[in-house]
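Okay, so subunit A shows up in both of these, paired with subunit B first and subunit C after.
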Partner chain A sequence: MDWSKENGLLIIPLVLGCFAVCWLMPSTRQRPRILGGLAALAAILMMQAMLLPPAGDYVRSVLFFVFAAAAVISAGLMITDRNPVYAALWFALVTLAVCGLFLLNAAPFLSASTIIVYAGAIIVTFLFVIMLAQQSGTATSYDQQPIQPLMASVGGFILLGALLFTLQEWGHIDGTSTSEHAEPGQFIALPKEIEPNPLSQAPHDNPHEIGSLRVLGRSLFGDYLFSVEIAGTVLLIATIGAIAIAPRRSQGTL
Partner chain B sequence: MFEQLINWFPEWARPFIMPMITIGIVLQVNLGVCSYLILLERKLSAWMQDRIGPNRVGPWGLLQPVADMLKLLLKEDVIPGHVNKFLYVLAPGISVFTTMLAFAVVPFGPVPRNLSATDGQFPYIIAPGVDLGLVFIFAVTSLAVYGIILGGWASNNKYSALGAMRASAQVVSYEIPLGMSVVGLALLTGSMSIEKILLHQVDAGILGWNIWFQPLACVIFFAAAMAEAQRLPFDLSECEQELVGGWHTEYSAMKWGLFFLGEYTHVITISFLTSILFFGGWHLPWIAEPDSQYLGSTLVKVLVLLTKSFAFIIVIQMLRWTIPRFRFDQLMGLAWKVLIPLATLNVVCVMIVKQFHLNEWWLLPMSAGLFLGAGLIGTQSSRPFARKTLEPVAEAHGHHAHAH
Partner chain C sequence: MTATVLESQLIVGATLFILGVIGFLTRRNLILIMLSAELMLHGVSINLTAFSRYHGNPQGQVFTIFVLTIAACEAGLALSLILSLYQRRKSLDVFLWGKLGEDDLPVFSGSQAPPVTVTADPNVDLPHLTPAGRMPKTQPGPQTKT
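Our next item is the complex of A and B:
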């Protein structure tokens, strides 16, 4: 019982959000969409109390709420939109909003490269494929119905719940146990007990340096060199596979 | 020089004054310059094709841009009945917004060292001190393709959709050589900030301009940037002979005009970037040195940068009638088989020079060697390769006939 009292603040918005997404999914029956919208709004508002950032700069807080709300709402609309082209555009908005959050957290390179890779290349490719399949204005019936809306939303929200519980345990993000004053260059202050990686060769004494290109490069190609090399190898294998699958010109294709 | 003006405002507003002034100046100049660049382009086209060109409005046709703009503003703004209205209206806005935003980190004059937002110095750049200026520009201009894609799709027209699809494939491909070409500059300078790259060249003098060390990167950058801007010879997305007008077929009046405002702003940005990254920005020996302090030296520096950029705009406009448009597979082949390997090899050369502490001048013969090598491979391998690829097809046809 204690457990449910402690974590009720997390469970109720999760259930509400799951219901809202299920309700808003496109379906053959006509439903009052406003009900789902209200449930989603209630879920977001309840969750917002949990994720309150430590009291900091006024402009920073406003920007954080603008970006965070844009990201969450666009993500919901992306899942529930009936038109795949609009869904791809909502996805682009989610990416841009998340990049705004990265910028607020003093990670300009991560933000810019996410825009280049996701918004600039991957979603453009999505749009390319969707546009090949569907002309604007033509009423196509396929791709308009979700296959398993209930299972998908429940699964997604269980995952989200697990993530939030872990974050709560780990980072004490309930707005009370973090230090009152955010470090310059960071939005949510790091919990006190987390030490910088002791094996890291990147300089970490200067908080203004966090997220700068120099420190990022030292960290990527010093501390995480092995992961970077593995990721590079996996990508290389994927490239070779794509070239192997592609039909030869002598086989009659372009 | 603006200190009194800034002090007149309340304290919380002071950091916003200089950026506002700069944005206002850049926007106004850009709009004026864009309209006259169109006249210049028409005159240049006429000259290259042995025609006269526009000469009816005003002396030598100088008032033609004014008449054009009035026409665009007063013309009926048709929104066809079969389009997706929201995206149709949004697309030209995205096109202008992204290209204008990219100009925020491009310096257009001698940016003062140790600039602060409130000391009243004119910054000559909208957003000073962006550590990742180059990456920012690539991020923002990679979003410009949304204007084209959405415009083409929302028009609900086969020609528009074809143009939009060509544009999306082209922009995604050419982003890679564009990004790779400046990695060498970042390695040589040790920074991705456009201001720092400029200052690095200025301090080193004319023999320190990046063009001496990275001539190949300059060519790759220029070609890829023109492809990003959808300029001829890379304008397959709107080629008039096949696609009527491509993605802007269904657009009229000022919405159409906004697309072209975006394109010309992109051209201006490319020219500024090329002259800043590779040709020393506002530096010119003896006339505009970092320590030249004579009366009006700042103005001279701005003029030097503007002249260099103007020269590149002229080059872009002359290329329009010099190189014919590519075929689509040639376009993709150029990006994936030529520009990307060359840009990668160029980065490897810079890494070798930096790693073994060689003299930076080794990069000049290395770049020339890469360029000549690529040309040699291109000319020597193309004919046998074509024969080799054709033969199996003929053979397959033969077998087919034999089986019958």
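Our next item is the complex of A and C:
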């Protein structure tokens, strides 16, 4: 079985991860959580073994692995924690790890702005959780009874397996191919030489400063000026909608 | 199998997205459902910035800024909706909102709809629109029609 030998490396961590998420879901029965944790750890280690980078640039690889593992582990703990306060804290950790990945992707401005935006959002969410969900003092019953954890985990991991299989089969970028467009059946095109768009305002002289404020600002307020205006309008409408939806104190007490 | 940097980033983004989907489907807390949606947006943002770096142009990062904007709008609207829903049922359980029909309407099954008899219960606090503007003045007297 050539096929199963080739793709067994992909299937085993997926099954382990599915089992881990399903096992760690909050439940009324007491289950040893260490079992799910070990399964999740094994799945993550196997995925990382698959992702061994080409030699060289070790600092970058180590940083990438640290941030990626932090993001995935915190996300798993966020969706399985039975206390919504801790879930909000895990989400803050996910955001920090994702900002680290942004930094690795040469996007320092995005990293900073994501931290600023989500810090406010998370603090507000945190206040909401404490204000609404914690009034009884203990974890409520609906936080301990998830909806169909087995079906959701299996379905989600089947979807993840399909995504990873597609990446493995058709996402390979080998340096031998010289065409700028993707081959049929390959959905990632090779990066081509940047040809300056005549309508574009962004300077293309130095491709190494992609994430710098200058290039980003020129592109945002030059190429995408109309979209920026529409985004501002959407923000305004959302603000008006939030004020209209939010209950008045005169109509009832919180 | 050795993967390139881009592929590793895509795998991390896909994993975050799927974990967000699972959280969205399974949790019953309204606030956690919103946080899971934000988790999905994080996964998509990682993909966008990875492709932006791979292709060497800032369009992916610009699009991530738009994703950030929409996420902020969504968070604000979702929190006000959650507050409004909490005020009605005093709970964050999403199961309480599984049925959106009104309680005073008769339940029927099948194709034959029984005649609807609505009995207004004065104790039920139904939502109502607040009148806007002034009441139009009606002119007494004979109306002229052309």
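To be clear about the criterion, the second predicted complex is superposed on the first by the 152 of 254 C-alpha atoms of A that agree within 3 Å, B and C clash if a C-alpha of one lies under 4 Å from a C-alpha of the other, contacts with A are read in each partner's own complex, and residues count from 1 in each chain.
One rule holds in what follows: contacts are C-beta pairs under 8 Å (C-beta built on N, C-alpha and C of every residue); 3 or more make two chains touch, one makes a residue touch a chain.
Bear in mind the structure is a predicted one, so any value in this text is a computation, not a measurement.
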First (subunit B), second (subunit C), both or neither touched by A:Ala119: first
Partner chain in contact with A:Ile73 - subunit B first, subunit C second, else both or neither: neither
Subunit B versus subunit C as contact partner of A:Val15, first or second or both or neither: neither
First, second, both or neither for A:Val85, with subunit B first and subunit C second: first
Comparing the two partners subunit B and subunit C, which touches a greater set of residues in subunit A: C
First (subunit B), second (subunit C), both or neither touched by A:Pro108: first
Touched partner set for A:Met46, first subunit B, second subunit C, both or neither: neither
Contacts of A:Ser219 with subunit B and subunit C, given as first, second, both or neither: second
Touching partner for A:Phe128 - first (subunit B), second (subunit C), both, neither: both
Doubly contacted residues of subunit A, that is, touched by subunit B and again by subunit C: 109, 113, 121, 124-125, 128, 132, 252, 254
Residue ranges of subunit A in contact with subunit B within the complex: 85, 89, 92, 108-109, 111-113, 115-116, 119-121, 124-125, 127-128, 131-132, 135-137, 212-213, 249-250, 252, 254
Contact set on subunit A toward subunit C in their complex: 9, 21, 25, 47, 50-54, 64, 68, 71-72, 75-76, 78-79, 84, 87-88, 91, 94-95, 98, 101-102, 105-107, 109-110, 113-114, 117-118, 121, 124-125, 128-129, 132-133, 140, 142-143, 145-149, 152-153, 155-157, 159-160, 163-164, 167-168, 171-173, 188, 191-192, 194, 202, 204, 207, 210-211, 215-216, 219-220, 223-224, 227, 231, 234-235, 238-239, 241-243, 245-247, 252, 254
Of all residues in subunit B, those that touch subunit A in their complex: 82-84, 131-132, 135-136, 138-140, 142-143, 145-146, 149-150, 152-156, 158, 161, 164-165, 168-169, 171-172, 175, 179, 192, 329, 389, 392-393, 396
Complex contact set, residues of subunit C against subunit A: 1-12, 14-16, 18-23, 25-29, 31-32, 34-36, 38-39, 42, 45-46, 49-50, 52-59, 61-62, 64-66, 68-77, 79-84, 86-87, 91-95
